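Two complexes, one shared chain (chain A), two partners (chain B, chain C).
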Partner chain A sequence: MFYNRHPMTNESNTTRREPLIDAKLVQRLAVSDSGFVFDPVSGHSFSVNETGLRILRLLKEGQDLPSAVKALCDEFLGSAADIERDVLEFAGLLRKQFPA
Partner chain B sequence: MVTVAISGMNARPDNPGPGVAVARCLREAADLDARIIGFGYDALDPGLYLTDYCDAGYLLPYPSAGDQALAERLEEIHKSDPFDVFIPCLDAELPNVLRIEQQLKKLGVRTWLPSEDQLKLRSKERLNELAAHAEIACPRTRGITQPDFFQRCDDEGWKYPLVVKGVFYDAYVAHSPADAAVAFNHIARTWGYPVLVQEHIKGEEYNLTGVGDGEGGLLGAVMMKKTGLTDKGKAWAGVAVSDQALLDAAQKLIKATRWRGPLEVEVIKSPSGTYHLVEINPRFPAWIYLSAGVGVNLPHALVNLALSRPLPAFGEPRAGTMFIRYALETIVDLGQFESIIVNGVRE
Partner chain C sequence: MTDNTTADKPVWIKPTLRAHRSGLLNKFGAVPSRQWQDEFEDVPVADLIHQFGSPLFVISEQRLRKNVRHLTRAFSARYPRVQYSWSYKTNYLNAVCAIAHQEGAWAEVVSAFEYEKARNLGVPGEKILFNGPHKPRAILERAIKEGAHIHVDHLDELQLIDEIARATAQNVEITLRLNFDTGVTEPWSRFGFNVESGQALDAAWRVAHSPNLKLTGLHSHIGTFVMDTRAYRAQVKTMCQFMERAEKDTGCQIDCIDVGGGFASRNALQGVYLPPEQVVPSIDQYAEAICDTLLEATHGREREGRPRPLLLLETGRAVVDDAEILLTSVVGNKRLPDGRRATIVDAGVNLLFTAFWYHHNVKPTRELSGVAEETVLYGPLCMNIDVMRASILLPPLDVGDVLMFSPVGAYNNTQWLQFIEYRPNVVLVHDDRQVSIVRAAEDLQAVTAQERLPDHLRDVSPR
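Moving on to the complex of A and B:
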């Protein structure tokens, strides 16, 4: 599956240990229990669903991709590949919302 | 008790003056026992009649009447209704107020304002110079007196859209020479010459307000992202933000000018994340009530500075606090309106 391979190294993404997104950015986000997210620097806000909220909390805890995927596999139904794809897609959306 | 006079009581919903919001901040300031006097220039300035915020209301002569007409009127008001501090809130009146500052001082009226030189330094015509000095990006700005500039500006590297602005107020985005000429004529008729032309920067609008201590320091900055705009491009909704990069930029400007008094820094953040300085206003903005909302009551700080009192204790401004502006009607008794029209005072 496309998302299961790193486009540059052809390695499985789950072997990557670098942060999925800038740690400082994730830490500054204010996240409510209802999934409302506010960035105090840009003033942007958006809301995420239950899964997005869980991913965001894992990212705020500083989890890398393999450990985030493992934690989500324990909590949600779905294959590791699908969950990894969702995590990568979500991280991509966050990067787009908050460019460096 | 201290009596504070505040101008800028105009409050048309699409483009209100800051006076009512400043009065509201002082009304809500803890540890400040203030009587508030509102100054307006038009009998329909609503702040003159808002008894919740202003204990008295007076009309002033228009700025075009000159500094001595203003001095005489303020002296006349001061005789019957003495005030301790004056907070002018409109760009157009500030040159006159600065010229009579010593006369006000003799009356015992305190102010906390920039010098005439500082005022000139932040003028829209000299914005590029100041921005370069403070190492902040700034769109090219030029003062013009003839609309034919718009026909040939392409030869000098000016690309549409352009922003056409008045020296004091008003700004229009022009997408063609025809648009620009219409904006030029309207602004020249209303605000006089020069008319300013500025490169248009695409991005999001952020504003910062604070008070300069006159020694290069910035007190209690409050930052805001506009989240809703009126047809005139004014904020009707905004959210408090906290961005070190914007704060650093404002501090550089304050340091470069050794600004004394209130100010508003207007910037546009381009998609690359660079802040571009588009304007510095030498007064509190109309959204200043947000400063009280985030726990940094800047008008209160200004009154204390003017009276040489210790500054109120400020915490960190609460980022994420929003404001949404709305319009309300106030009921005015015909006798009050008559009194303003005939005597220039709300009785």
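Moving on to the complex of A and C:
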């Protein structure tokens, strides 16, 4: 299985399995297919690009990091290490923009 | 990546989230450049980085020559006697100085080191303007012997020059450095003799009383990055008034008026709201202000048998700044706690000293996809102050992406520091597009060459 080992260290993967972000935070967002995001709590709107939109949808499904990275690796051409770091950073940005 | 459908997959790009903001459109300023640039003077950036490493300073010989010619033409077309002098402290890499000299520039130096550098390059003493408040006796003796133009900063220096002239039985022609209030720029009063207080006229009398000294020149430098040409009109007017007074009172004959430097370059000064294209005067505007005033103030001299003075210029920044760029590579990205993106590049403020007062133009060197967002550009130093741009809109960058900082030709290759990191190669793109190293990257040996380790410290094992 891909991602049974850490993409950067090749060590046995012991990555946390809980969701990257509280699903409730992203569940509340209205997300269009074109990447328009509306937060009804703050009233603010945002745009996400193609990869941001895909991550957002995976997070709305409550995916954890390994499964989100695996799904993205299956869909996009890129290194697992790069995708993992970008997902982590994007999740952090979402937590910042959409506080509980 | 063993998936056999790889060819059909879209390429991964960094995810972005951009907040929508509403507000009034800004009617001031220029539209930020979204362009990228993958070459400099027709040499591919990728080739430069591959061959000479990153970070890398790149100088354009063609642009530097063009700038010198443009400046000299702008003044020579408006005034009959003009001599341009290259300001060494702005960029004293030998290659830069040599190009300026090949274009006819004299040398303007401000220390023993710079004087020796100019002489070492082959500039004769009579084509050197020796400024600066610190001229030790040994270098003054040499400069006097070699016929350099000595610009006197203070009375103690004047006395020392007089002593040397007397001791060596030489007649020394000197230039007095003046300071005064132009009413436009902040007065620079620490250099030279003050006009308003009478100090400058006292100094002129002191020269007149010496059998070995002759006052033949006046100099002043009104400031730096001067964006109002009215300051130069006021400067020339004051200098010419002083010239007439000194000649009349002391019997001297002034042969040259040196207006120093201070012309702004097309760089964006921090704290200035409008972009440089809108606030920085052109060289022709500076020339017009200076030459018009000088012509008007000296029009009666020829009729009276007194020649118009030679106009000396010491422009540095406006000539060299846009002839050099800095290439630097992304080494990492991170997200700051406040949500801003931070990108770390391999060139810091130790190399780009002017990052402390400019918002340099920063261009990617490939077409970037993704939405531009506010980014902080940090240098590689383990120091909080190492900020190359505090805020700039950039699309997501990958590790290894190269950014081009410009203009960087003025005061970086002289004020840079060997601090934490080695200083990198500086290369010159020749007129024929050949590229050569004009200052080699430092290594451990170069950095530690001047150090001496006492014998008892050679063994670093704990005692």
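Going forward, the second predicted complex is superposed on the first by the 86 of 100 C-alpha atoms of A that agree within 3 Å, B and C clash if a C-alpha of one lies under 4 Å from a C-alpha of the other, contacts with A are read in each partner's own complex, and residues count from 1 in each chain.
Following the convention adopted for this analysis, a contact is a pair of C-beta atoms (placed from the backbone, for glycine too) under 8 Å apart; a residue touches a chain by one contact, two chains touch by 3 or more.
Predicted model, so just to flag it, every value in this text is computed and none were measured.
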| item | value |
| --- | --- |
| Chain A residues touched by each partner, larger count belonging to chain B or chain C | C |
| Contacts of A:84 with chain B and chain C, given as first, second, both or neither | neither |
| Which of chain B and chain C A:40 touches, first, second, both or neither | first |
| Which of chain B and chain C A:92 touches, first, second, both or neither | second |
| Partner chain(s) touched by A:48 [first = chain B, second = chain C, both, neither] | second |
| Chain B and chain C contact sites that coincide on chain A, given as residue numbers | 45 |
| Interface residues, chain A side, partner chain C - complex | 37, 44-52, 54-55, 72-79, 82-83, 86-87, 89-90, 92-94, 96-97 |
| Residues on chain B engaged by chain A in the complex (per definition of touch) | 204, 206, 224-225, 227, 239-243, 269, 271, 273, 319-320 |
| Residues on chain C engaged by chain A in the complex (per definition of touch) | 1, 3, 6, 9-20, 333-335, 337-339, 370-371, 398 |
| Touching residues (chain side chain A, partner chain B) in the complex | 30, 38, 40-43, 45, 99-100 |
